[in-house]
Amino acid sequence: MWTYEKKLQYPVNIKNPNPALANLIISQLGGPDGELGASMRYLNQRYSMPYREVAAVLSDIGTEELAHMEMIAAIIHQLTRNIDPDDIKGTSFAPYFVDHTTGVYPIAASGVPFDMKYVGIKGDVIADLNEDLAAEQKARVTYDNLLRLIDDRDVCEPIKFLREREIVHYQRFGDALRHTQEKMDEKNFYGWNPAFDKKFKK
Amino acid sequence: MWTYEKKLQYPVNIKNPNPALANLIISQLGGPDGELGASMRYLNQRYSMPYREVAAVLSDIGTEELAHMEMIAAIIHQLTRNIDPDDIKGTSFAPYFVDHTTGVYPIAASGVPFDMKYVGIKGDVIADLNEDLAAEQKARVTYDNLLRLIDDRDVCEPIKFLREREIVHYQRFGDALRHTQEKMDEKNFYGWNPAFDKKFKK
Amino acid sequence: MWTYEKKLQYPVNIKNPNPALANLIISQLGGPDGELGASMRYLNQRYSMPYREVAAVLSDIGTEELAHMEMIAAIIHQLTRNIDPDDIKGTSFAPYFVDHTTGVYPIAASGVPFDMKYVGIKGDVIADLNEDLAAEQKARVTYDNLLRLIDDRDVCEPIKFLREREIVHYQRFGDALRHTQEKMDEKNFYGWNPAFDKKFKK
Amino acid sequence: MWTYEKKLQYPVNIKNPNPALANLIISQLGGPDGELGASMRYLNQRYSMPYREVAAVLSDIGTEELAHMEMIAAIIHQLTRNIDPDDIKGTSFAPYFVDHTTGVYPIAASGVPFDMKYVGIKGDVIADLNEDLAAEQKARVTYDNLLRLIDDRDVCEPIKFLREREIVHYQRFGDALRHTQEKMDEKNFYGWNPAFDKKFKK
Amino acid sequence: MWTYEKKLQYPVNIKNPNPALANLIISQLGGPDGELGASMRYLNQRYSMPYREVAAVLSDIGTEELAHMEMIAAIIHQLTRNIDPDDIKGTSFAPYFVDHTTGVYPIAASGVPFDMKYVGIKGDVIADLNEDLAAEQKARVTYDNLLRLIDDRDVCEPIKFLREREIVHYQRFGDALRHTQEKMDEKNFYGWNPAFDKKFKK
Amino acid sequence: MWTYEKKLQYPVNIKNPNPALANLIISQLGGPDGELGASMRYLNQRYSMPYREVAAVLSDIGTEELAHMEMIAAIIHQLTRNIDPDDIKGTSFAPYFVDHTTGVYPIAASGVPFDMKYVGIKGDVIADLNEDLAAEQKARVTYDNLLRLIDDRDVCEPIKFLREREIVHYQRFGDALRHTQEKMDEKNFYGWNPAFDKKFKK
């Protein structure tokens, strides 16, 4: 279980509203490679992890992704507060506004609501860690692209922090995969699934 | 941000595997009225709540729903561990097994992956609290239906605990709605949205 | 069964085309809280309603929502008629035009096609009426937001009419919920489901 | 707008509950080729129909499909009433029951909720009428398949009635397409879209 | 099985980048009536076709649609190459860029990812060929609409080619339907399904 | 473009129908990690690949996955041919039969239609190759799980062949990733995206 502390992992202090930008950054909340999907991927993959150390990495990173989700939500909120209807009419923020006012709703930049189909959980340590490596790279690319489009330094700083964390996670999942391959049968580590096959349970 | 403690909110100790039952209970992980949707609904609604007390209730219940999500995941894991291919062949668990082995993947009992479309976030305190009241009742019904189908006492106990919590949450959201209506203009509390309209900001 | 009368519930007479506005208002046709979902929610919930009076309210409001759906479709049609390719090039209406020309297709303002996932039908009178109360508030907010963005009086009038009807429906569903709670066991009206449990059927 | 009469287009009187069968027939409520999609397809296509007679056919058939939707809902309701938890445990109806008790919720036989993606509305009379011809044939096949699986005469009779109506509709849409082709430019009836292109408006 | 030849069916040579236009044309890759859906519709329908000649038409056209898919992908790629962040900021291409950079990802113009729900496969020759006729007309309309919005001759030429092919396919499916009706029982060609019913197999 | 040869990559000759098994194997046609998604992932990723050799690997494997898709479709077809309504009534194949008879429609084992959301295309060579590595492992696990549930040797043989191919593809994508890392800036190969950033184009 989790304890909540009313504090962001990294500070978010945005002075200038920019609803159109909020609508791009929201992809890292509810988009295909966003933080919501990331936390749900890792927190649920834990149960079929055969090695305690790997499960611990997933608990750890999954919990951190919840904090990232909260940072993105704070960014979206701060970019859309204190605006008028005239700041919305005729802009790319209008469709979002119609259905969510200035609430925070997890969608992709395309407007498509978050879907668990973006997330793979196979119950196989090798496959799931490869999925996690891919997920971190895909999130890193999304942050790269956001940084290419953002001019406001107040927004760039927390995005850069989040981008750096994805690279750290990629490295930790890489270590977990190497650790796993060492633990498994050297000759053919696809030969059985330690989370399911009896051979492992002995 | 959140701190993780390796402990369930209520103990889950299931002795007998029952994959077909896991496939029903999973609806309270990734189904239309499940715990994942609940936590994401409340944690994201917080940002457009005009009253600090209501936002605090959402942080509180949203964090508890994360713990419920973890309890459901633990139930599913325990109901599907130590099984053989022969326990799966020809059963209703087989389709899930093909794509997820015995991993925990958030879907509805129907097999449909979790979708944020189940969740309403309108950025309006009256509408969002009505959504939350409905969400708690819908979750309560799902637990009622599960209890009608479960014979195993080990599984019933945590499900009963979770059902009770939904009723408590319903009452808390009811209190929050009454509190909100008192704070707003008595004559027409749909007249403006305190999270958006200037009138409120003064 | 229904009889069709070629007449709108409230007149729609729009002189000036405005495809970009059509693309926002369409959310009340096929969006998360739109009229199509509303009518399907109520018309299908009827079957598991244990009290005749409540079922009658659902038939009544569900049928009215079909008329609202038709009004929204008429608004969209009138906002997009008599336009040229030059009125479309480079506008936010272009993506819709590519796939639907100036036909009327039920989507959200985001462009996402209508999905029944937006609608909750639990087969439990308490839960379903709470869902309906939430649905009416969410629709009311969408109309509020549209009114914040619309300058054309021809469009505002029917939207205001529709908004008012949502508030009336909210009150009627509130009455139905109170009526239901009086009919059910006073001490614990979550104790059984009169649409399913035998206790009720005697 | 529509007036509701509390009467089915064709009587449904089912004596024996059969929840597993309900779960198959439900595809004609909320499945890919079901009645809900059919009525929404025709009622929304009307707006871009250039010929009054074709629009009238769509109003007419679209309204009839609402009545068919109601018949299917009545069949599902009657097949699932007066059942016990013991009639559900371990059956293919259990997943549906968990989320909807014995309420009527529009899904496909697969369990997937209705999605407007099944429906094509192109704003072009030739394309839309071809879509409608295909829709009627696909619905006919679904009824054929249901009839292959149903032994209960009480259920077969209304299903046969509905199947016959699809064939009648197919013929009416065929007539509408021939009528349309005669009205349009003989040499190249794909040359322009009378619902959009200026040439037609004169 | 297929052999790939590194050559487009019709040349695509676009000199001027136009990311906003790419975002419209992409509907013919991953949209409701796009080439990806078309090829998957025909290639998978083949298996339940009772007549060898009709199955051959489906193999043939399904394979050609793969080539069309490749042409659309090439158009999108050429319209988005050699662009700068400044060509993207504040444009309708920005949401796509955030999640896919300038990669080619099959979505509709609305931004919704391709979904097999757009495609009907009924295992019935009459229904499937009607579906195919509708599919070709719907694709033709999409190309018509794109041509109404495109000024660049380099882009129009391959789009015109693709549009012409849809009309040819429509005619070929019309021939296949007539051929099928002649082969089947004259009096009632909906009486049985030659791909399933025993009567046919003799 | 592609040339079709009427020949399977590996022979499929199944003597005994088994519709329930078909419904599991179909996940490798239209499921989250199936062959349709695989071919579309690779064939579309090609356009943003900065290195000719990597693009060639994607063309090659993407084309092979089309052949795999065809093998799975043939397996499903052969497992469902020559069956009677009595082979379907009351089985897990019935829901599929209602909507698709014995046609081949790309869905997951859960019954959910194929969705492009399963597929990641980021327009970044490092991220896309990590996605591909994960995809191959996830497909391998699905085949592993199918092999755990299949007793029929006629079905196992082609499935084993397909499983082996996934491992070969994983190795080829591993080689492509190493090749890519060597080509890029050694110190920080996340520093820029050679498919987008100017630095690379020189």
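Order as written gives the chain letters A, B, C, D, E and F; numbering starts at 1 within each chain.
The definition used in the following text is that a residue touches a chain if its C-beta (ideal position, glycine included) is under 8 Å from a C-beta of that chain, and two chains touch if they have at least 3 such contacts.
Owing to the predicted nature of the structure, the values given are computational and were not obtained by experimental measurement.
Asks: Given that chain A and chain C are copies and touch, would you call their interface same or different according to whether over half of its residue numbers are shared?
Replies: Copies use mostly different positions to touch.
Asks: Tell me which has more C-beta contacts between its two chains, B-D or E-F.
Replies: Here the pair linked by more C-beta pairs in contact is E-F.
Asks: Compute the distance, rounded to whole Å, between the mean C-alpha positions of chain C and chain D.
Replies: Centre-to-centre distance between chain C and chain D: 20 Å.
Asks: Could you please state the distance in Å, as a whole number, between where the Cα atoms of chain A are centred and where those of chain E are centred?
Replies: So the centre of chain A lies 34 Å away from the centre of chain E.
Asks: Approximately how many whole Å separate the CA-defined centres of chain D and chain E?
Replies: 25
Asks: Round to the nearest whole Å and give the separation of the Cα centres of chain B and chain E.
Replies: Inter-chain centre distance comes to 40 Å.
Asks: Enumerate the residues of chain A that touch no fewer than two other chains.
Replies: Correct list: 32-33, 92, 99, 101, 107, 110-113, 115, 117, 122-124, 141-142, 193.
Asks: Please list, in label order, each pair of chains that touches.
Replies: Listed in label order, the chain pairs in contact are A-B, A-C, A-E, A-F, B-C, B-D, B-F, C-D, C-E, D-E, D-F, E-F.
Asks: Which of the residues in chain A end up touching chain C in this complex?
Replies: 85, 88-90, 92, 94-99, 101, 107, 110-113
Asks: Which part of chain D faces chain E closely enough to touch in the complex?
Replies: Going by the criterion above, the answer is residues 32-33, 115, 117-118, 120, 122-124, 126-127, 130-131, 133-134, 137-138, 140-142, 144, 167, 190, 193.
Asks: Quick check on the complex: what are the chain B residues that touch chain A?
Replies: Listed in rising order, the residues of chain B that touch chain A are 1-9, 29-30, 36, 40, 43-45, 47-48, 59-60, 63, 66-67, 69-70, 73-74, 76-77, 82, 84, 99-107, 113-117, 119, 121-124, 128, 193, 195-196, 198, 201.
Asks: Give every residue of chain D touching chain F within the complex, in rising order.
Replies: By the definition above, chain D touches chain F via 20, 23-24, 27, 31-33, 92, 108-112, 141-142, 145-146, 148-149.
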